[in-house]
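Next come the structures, one after another.
Shared between the two complexes below is chain A, which pairs with chain B and chain C, respectively.
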Partner chain A sequence: MQISTNIWQWIAVICIFGMWSLPLYKDNPFYRVCQNVFVGSCAGHAIGIAIGNIVNYGFQPLVAQSKIDLLIPIILGIMLYTRFFPGIAWLSRWPVAFLVGVGVGQTIYSSLMSQVINQSIAAMTKFPQPTVGATINGLVSLIGLLSILTYFLFTVPQSPFVRGVSKVGRWMMMVTFGVGFGNVVSGRLSVLLGELLKIFGDWLGMI
Partner chain B sequence: MSFMERIQNVDSRIIYILLLIALSLPLLRPIGIPLQTDPMVRAVYDIIESLDPEKDRVLLSMDYSPGAGLDAEVSPVAVIQHLTQRGIKWAAISFGTTDGPMMTNRIIADLEAKGYEYGKDFANLGYMAGEENAVRLFALDCLSVPADVRGNKTDQLPVMQGIKTIKDFAFVMQFSMSTPEMWIRQVVDPMGIRFATGTVTVSVPSIVPYYNSGQVKGVMGGVSSAAQYELLCNNPGKGAALMDAQSMGHLLIIVFIVLGNIGYFVMKDKKDKAAAGQ
Partner chain C sequence: MRKEVPLLITFVVALIAMLSQVTTGNVPGLGVAIPDVFERYISPWMTVVSAFSLCLASVNLIVVHSRNVSRKQPEWIYSVVLLGSLVIYGTWCTYIQLNPDDTAASFGYSLIYNYILSPLMTGQWACLAFYVASASYRAFRARNLEATVLLGSAILVMLGATPVGGVIWSKFPVIQRWLIDIPNMTGQRALLIGAAVGSFVACLRTMLGIERGHLGIGGS
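Moving on to the complex of A and B:
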């Protein structure tokens, strides 16, 4: 075992213990100090990157390369901040409208193509497939798709057949949520493992 | 209070402590639980193996933050080690989070310490604001990024020579904390590029439909995928080292869930019987 002499490793580990003090003890000043350090450093970093972006993508090309068209996004960006001045706050709606318009225009066609049409095509499985495993997989996917869609059919009479298929759909969704929950647990364990690795590896030098 | 009642009312701190012990012991004394390779992970490996180091370049979209921890960080480390081992040049850029360039710099620092050369073998193009619109702009004109994080002009970087649009990259991979829809919508489907994704474990089920449809060619999710990838490359690293601990953690949680359910049903049965007796 060789404890690190790097001050940043010590700060990182102290912050980890500070964060753990909430679930293992209760809300306390040590936890809140660590939390504020994290939030403050994240905000500071994000602001630094944002300023760098405005300089790199906005002011520098405008001044050095005389790209006059960049004045439009710069002015629109400044207009966003007029919401802090009640008299001219209405001006901030223009850049917001522009952003919404561009965003919708950019995604409306591509969403339909990528997430509806191409996914629907992929759901149309050919039977039988080259292997038994692939055929069973395809069947499960098809049954899952149709039964879950049936579960959300509220405008047809709930005959015993429709209710039965809906029940299969509900089970399919429960299995899916179970898989999702399992993955959440696995992901959170990985985060915890990263902290343990920092403690036992980087700080204590035991790994 | 009976044993079953105690199971139902266990102090969460006891569970946390048991979990810490279950995770710490295999970290300090690895057991060596065998791993199977997922076809989605092997697909990423096969794509990179098929690239030609002489002419092919790879683009990495680094869209994860430190908050996602090792779950997000081990996959890019494993893939980048494979790329550099094979001598394939790569450029990284970030669209989803301002932390992306910092996470890339962590990996680049290790590579530079090993003698790889910044600018020639790899480059970090920084963060480009605008998310989906920025992805589209970069795809159509990769030189729309004026400079990298070190202030070098993008069009003068050796690694970016001959790159005009995203189609000039032989392979594009995104590492993120969520799903890659914006890449699929703006680049993969309209421009037909070869694309794979590395993400946190929780997002994998949402990406599988895109893998099944062929829109995403390979998927890596969290520590387990990184461990499999490291073993495929014969280069065991952090991912492989963590898998024993991860498996022990899963085992302990399964035991808790089973015990909790037994306790719930036994207590429910007792209450039902008591209600029937009254």
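Moving on to the complex of A and C:
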């Protein structure tokens, strides 16, 4: 065992232990300090990137390339801060409207195209498939998709048939949630193992 | 003015953003292609305005915590810690954004990013493993058939994902792959289609001004 003499390794391990002290012990000042450093540093990093974007994509092209149109987003951006002044707070709605407008316009198309149409196309399977296994997989996919969609149909009378199909859909969703849960657990554990590797390998030099 | 202009901005910008993806035609009367309008104007404007909005969020954080400190609220010392780290990271990151050629400053920032911010981030993330373990205990009690299906598929996926699963039975990784590729994919697809339809309707309502919650005006 050879403990690292790198001061930065020590700081990193202290940060990790600080974060872990909450689940391993309980809420404590060490954790609260680490938590606030985390929030503050994330916010500081975001501010740095944002100011960089404002200068690099706003002010610089405006001044160096005389792109006068960039005055519009700069003014809109400044208008966001009018919410701190009650008399003119309503002006902050304009930039919000702009941001929401872009998001909405892009989502309308992408939600239809990539999620509804492309996913529906991907769900269409030719029958029979070359192998029995592929045919069974195709049937599971098709029946599963239709049954889950049926589960969310609230505007049709809930006849025994519809209820039966919905039940199959619910089971399919349970499998999906189970797989999702299993993946999440595996993912979190792999992050935890990565941290343990840092502690026992980089810091303590035991691995 | 207070209500109509924001609604008009939302409608016009959303229309341009939407049409830029479906047509290459010109804006009537201007002779400029709609995708060009989006690429040349709306997209760079969006970058700048969203950067301002990101700063707004941080300004709010600064205001709240400065108030805590000035009024000596309980646990105000943590607000000092937060503000201190925010100032250090904010100043340093801004400096290297504006002076990308200063390699010494970039190296220094990479140190505080890789050895403080990054471990805090992954440490927080790994914390969830502990909570997931306790959540698993509650979730993994098979109360009915559906809970059993969830439990069974989760266990099979976890066994397939770990090397020990393959040692116990060589088919565990195969079953895991099948569960992920077929039933999971089907479920994800169905949920995605349902969510996309809902998202489409919500966006259409917002674009047409029926939904006005984002402007703080209230419903239609």
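Methods note: the second predicted complex is superposed on the first by the 207 of 207 C-alpha atoms of A that agree within 3 Å, B and C clash if a C-alpha of one lies under 4 Å from a C-alpha of the other, contacts with A are read in each partner's own complex, and residues count from 1 in each chain.
The criterion applied here is as follows: contacts are C-beta pairs under 8 Å (C-beta built on N, C-alpha and C of every residue); 3 or more make two chains touch, one makes a residue touch a chain.
Note that the structure is predicted; figures quoted are calculated from it, not measured.
K.L.:
Go through the superposed model and pick first if A:F85 touches only chain B, second if only chain C, both, or neither.
P.N.:
neither
K.L.:
Report for A:L197: first if it touches chain B alone, second if chain C alone, otherwise both or neither.
P.N.:
The first partner, chain B, only.
K.L.:
May I ask you to decide whether A:I121 touches chain B, chain C, both, or neither, giving the answer as first, second, both or neither?
P.N.:
First partner only, chain B.
K.L.:
Can A:G180 be said to touch chain B (first), chain C (second), both, or neither?
P.N.:
So A:G180 meets both chain B and chain C here.
K.L.:
For A:I207, using the defined touch cut-off, is the partner it touches chain B, chain C, both, or neither? Pick first, second, both or neither.
P.N.:
The first partner, chain B, only.
K.L.:
Once chain A of both complexes is superposed, is A:G58 in touch with chain B (first), chain C (second), both, or neither?
P.N.:
second
K.L.:
On the superposed three-chain arrangement, identify whether chain B or chain C touches more chain A residues.
P.N.:
Touching more residues of chain A than the other partner does is C.
K.L.:
Share the list of chain A residues that count as touching for chain B in one structure and for chain C in the other.
P.N.:
Correct list for chain A: 23-24, 45-46, 49-50, 52-53, 56-57, 61, 102, 106-107, 110-111, 113, 115, 119, 122, 141, 176, 179-180, 183-186, 189, 191-192, 194-195.
K.L.:
Under the definition above, what is the set of chain A residues touching chain B in their complex?
P.N.:
Within the complex, chain A contacts chain B at residues 23-24, 45-46, 49-50, 52-53, 56-57, 60-61, 102-103, 106-107, 110-111, 113-115, 118-119, 121-122, 141, 176, 179-180, 183-187, 189-197, 200, 206-207.
K.L.:
Taking the touch rule as given, give the residues of chain A at its contact with chain C in the complex, in rising order.
P.N.:
8-9, 11-13, 15-20, 22-24, 32-58, 61, 69-70, 72-74, 76-78, 80-81, 83, 90, 93-102, 104-113, 115-116, 119-120, 122-123, 137, 140-141, 144-145, 148-149, 152, 169-186, 188-189, 191-192, 194-195, 198
K.L.:
Okay, in this complex, where on chain C does chain A touch?
P.N.:
Of all residues in chain C, those touching chain A are 2, 5-7, 9-18, 20-22, 41-42, 44-59, 61, 75, 78-79, 81-98, 111-132, 136, 139, 146-147, 149-158, 161-162, 178-197, 199-200, 203-204, 206-207, 214-217.
K.L.:
Quick one: which bits of chain B touch chain A in the complex? Just the residue numbers, please.
P.N.:
The touching residues are 12-13, 16-17, 19-20, 23-24, 27-28, 68-71, 73, 98-99, 101-102, 126-129, 132-133, 136, 146-147, 181, 184-186, 188-190, 200-205, 209-210, 212-215, 221-224, 238, 241-242, 245-246, 249-250, 253.
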